[in-house]
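Order as written gives the chain letters A, B, C, D and E; numbering starts at 1 within each chain.
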Amino acid sequence: MTTVIIRTMTRILTPAILVFGSYIILHGHLTPGGGFQGGAVFASGLALLIIAFSRKRVKEMFEKVPLSVFESIGALGFLGIGLMGIVMYTFLRNFIANSGAPFGMPTPEGINPGFLNTGGTLPYLNIFVGLKVLAGLTSIVLILFLILRREENE
Amino acid sequence: MRKLLGIIALTVFSIILFLTAVHLRSFGSPPHAEMDKYFIEHAQKEASANNVVTSVVFDYRGFDTLGEATVLFTAVSGVLMALRHYGGRKK
Amino acid sequence: MNSVLVNLPFIVVAILLAIGFYTIGFKRNLIKIIIGVEILEGAVNMFIVALGYVKGGYAPIYTQAPSGAIENMVLPTPQALTLTSIVIGVAVTALMLAFAVNIYKTYGTLDVSKVRRLRG
Amino acid sequence: MNPMTLRTPSGYWNPIIWVIFLILFGLVAYLIYKAGNPKYRRDTDQVKPFLSGNLETDKEKIQVRASDIYWGFIEALKEYYGVLERMHTGDIRDYILWFVGMAAIITVILIGGI
Amino acid sequence: MMEHLPALIIAIPLLGAFAAPLFKRHHKAVSIWAILITGITLIVSLLLTREVLVKGILVYVFGAKSPTLVLPSGYKVPIRIMFEVDALGAFMAISATLMSFVGALYSYSHVAHESGLEKYYSLLLLLEVGILGMVLTGDLFNLFVFMEIAGISGAALVGFRSYRGEASEAGIKYLIISAVASLMVLFSVALLYGEYGNLNLAYIAKNIKFGVVDLIAFGLLFTSFAMKCGAVPMHYWVPDAYTEIPAGGNPPLLVATYANLYALFRVSFTLFTNIVINISRAGWIMVILGVLTMFIGVTMALVQKDVKRLMSYHAISQTGYMLLGVGVGLTVLHDPSKLMEFGRDAIAGGLFHVINHIIYKSLLLMTAGALFYVTGTRNLDNMGGLARKMPITTISFMIGAAAISGLPPFNGFASKLIIYETSYMLNPILTVFAMVTSILTLASFVKVFASAFLGPPLKKYENVKEVPKPMLIAMIILAALCVIFGLFPKIILDKLIYPAADALINYLQYHSWGGLA
């Protein structure tokens, strides 16, 4: 069982961590970071949430969240974008770049402030990988936590 | 006995690693960088991404990244399977 | 001697690899052996990143980069490879720890000189 | 016939010839079987072993266990198997140390030390 | 669509693996899903093999404008990851997909009563993905990634029965072994990248110069792959892993072991083939490792009581035959007259033994799994008189035992014959060892047969029945393959094996991406 200080700080910090993680995921093609790093940050926020509260609270918090389904969706989305490339070019072709579709604007050559609406398939893959990584790491942390806390309770 | 043999093997192996480090090309001046030059020059045009590393990870070597995501998926499945008998949400 | 000084990062990598193999080979606790594998992974990742370094190079990112960056960027490929191998290392560690939990449950110990029902 | 014949430096293998020989030896075996004793009947007293009046012990007791087979062979090679036993400690650290040693040896040989 | 086959053969099992956890509790559904996916993959691999055998080396560049665009316009170096499928890779792909299909079919009944099956089948498919990537890729770092996939999924499968401590022990042993081996592979790949600034196998093989660093990288790669394919004295993980994995996972795990053997051959023959002196040295190392592996493996097998452990030691000793055959070819690789005299046949014999061994050893391990399924024990001392109860299992066991002992007309005979005669031409001592190993193999399988199937029927097994249909079908498929391969070895050799051996021998074709550049 954890102290009230930890729980209060968790309530304050967790939203900030989650927002920062999603920022890293979304700007992966412009700034350092990407799907894996952002997903890890996001998962660390959820891990903070997990370790701060009691086993019962965590169980009812994550009872509704189908983490394995999220993970499968992330992986299948990555694979699906790869397979879409087969239609015209090859597997995992960046077919959205410079095509005008969402995230499909061309990037100006050389040093530039960075525009979000570029990157072709990269932002999509970042989002899918981020979803997958946060679901996977969170489920690992969750099951280890549930085991250890059950030890303490018994 | 076992410890002695292990120490000997480890020593020889470490000497070999040291040899490798000494005989390797000097640090900070890669002799052949054609592939990386290509990435740095063409990333903005082909992948339309400012972050060259991300364009390498997801476009030029995207297949490795698929494999990497697969490894993570594998590990999560393995962990959940190995610990399934302790219940938690898996019951 | 000069090559030793120039290649100091590679020497460090070699020493780290030796330490990792020593940890795996001579420690009795299973967790310490897992830590040894982690040391090996860290050494190899350091090696790959060190291979990509160019003297006075900048990060290969164009977003608001300093003006001199374009003609002197560090190699991007080693960073991508390191990213991949770091995630793989995390995956391997998670699975090894899960097995360690199982072994502690059934054997009641983590001493690898006792965790050997399978032999001969 | 030819596409099926596997030629080796000192011989050849052909399934057709093998089948012919199989049939031939099957015939011979059948003839030997027919020449057997015709008065033999299953499940009668004549198949019971005669242990000079004692009755037969339970079959499970006299079954040859797996660990008893080749006892003599293993006894003869006791030193060799002692070495092998000492090699096969089911200890993960030894697995890695063997790998390190073999890596050292093979690399030295390849560089040309030996 | 045909030119996309190399991508599809990876994408289809990946799809199956990622979708498998979505079948939450429907165990039958996920089993049927896995069987379906593996069947489709088998068909795709057959198509791929036909393409390769007709058209020669098949190159697939991931993310390029067209699948065969190896070099971007005006550039000398390959940029993207590529698959380079030659006859050898296609041959390994066939064995991988076939064995995954058989394993999924067998698992349908064998693990039906266990929990967590959606994870089990997803890991089975991921193991298949790892093997296929390892044997098809033409990029060194990609080889490392797929090696990790195969290792992690294999270790997780080994630890499947997590309520048994031994399973977790074997799992963590296999996981640490494969983690260390693949880390050393990554280290060597990084050495090569530092020297030549590229990761493409063919490109590095063309430009390699052989300083000390390259030879050290060769040594590390050689040793890591030798450990992962279970060569003595780095074989200790093999019995643990093969014994504890559910028998349905045994065939893919076996092929995963030989995927590492394939990587060993690929590295020695294609990547480092230009070292004229040291390559024969490497060949001799391979031959000596092979002889050691054969002999120590079989002598250890002779004293085992656990039936699956005994068969695992036989898997080690049979790996020795492959190392011996291909090593004989490697020693004379740069000597054209000897190569034409016996080197090519030796390589063909070794590769033919790979697929033969995969088939009959999977069959034998499956029969051992069937014994475990009906008796609940793996200890041979507690078995006996099961031949009358399970006739089909008995017959398939007899076929497998005859095949592994090299009796005609089963498939072990043909490959062992070729290996004997070719190794005799290099050095007669090798042949003596090989024959003694074969005799001891027969002896120890006679022991298994006598103690498990023959003997008086035991009371505690009065009401055991034959195993369920899917397991029988899986075993019958493999037994039929044993007989077919054994009756018509020449046809298999000409259609499948000699092209693979030639793919190893004329490496220049591989270096030029099949004439694309």
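Everything that follows uses one rule, which is that a residue touches a chain if its C-beta (ideal position, glycine included) is under 8 Å from a C-beta of that chain, and two chains touch if they have at least 3 such contacts.
Predicted model only: the values in this text are computed from it and were never measured.
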| item | value |
| --- | --- |
| Intersection of the contact lists for chain C and chain D | B, E |
| Chain labels contacting chain B and also chain C | A, D, E |
| Farthest-lying chain, centroid of Cα atoms versus that of chain A | D |
| Chain whose average C-alpha position is farthest from chain B's own | D |
| Chain A and chain E: spacing of chain centres that average the CA atoms, whole Å | 36 |
| Whole-Å gap separating chain C and chain E, where each centre is the average of the chain's CA atoms | 29 |
| Mean-CA-position distance for chain D and chain A (Å) | 57 |
| Averaged-CA centre spacing for the pair chain C and chain A, given as whole angstrom | 24 |
| Residue list for chain E, restricted to those that touch at least two other chains | 14, 18, 21, 62-63, 141, 145, 148, 152, 155-156, 159, 162, 168, 171-173, 176, 180, 194, 199, 212, 216, 219, 240 |
| Of all residues in chain D, the ones touching two or more other chains | 88, 90, 92, 94, 96-97, 100, 103, 107 |
| Residue list for chain A, restricted to those that touch at least two other chains | 30-32, 34, 36, 68, 71, 75, 79, 82, 91-92, 94, 107, 110, 112, 114, 133, 140, 144, 147 |
| Inter-chain touch pairs (all) | A-B, A-C, A-E, B-C, B-D, B-E, C-D, C-E, D-E |
| Chain A to chain E touching residues, read off their complex | 68-69, 71-72, 75-76, 79, 82-83, 85-86, 89-94 |
| Touching residues (chain side chain C, partner chain B) in the complex | 3-4, 6-11, 13-15, 17-18, 21-22, 25-26, 50-55, 60-63, 73, 75-77, 79-81, 83-84, 87-88, 90-92, 94-95, 98-99, 101-102 |
| Residue numbers on chain D that touch chain C, as the complex places them | 85, 88-93, 96-97, 100 |
| Chain C - residues contacting chain A, complex | 59, 61-65, 67, 69-70, 83, 87, 94, 97-98, 101 |
| Sites on chain C touched by chain E in the complex | 17, 24, 30, 33-34, 37, 40-41, 44, 47-48, 51, 77-78, 81, 84-85, 88, 91-92, 95-96, 99-100, 102-103, 105-107, 115-118, 120 |
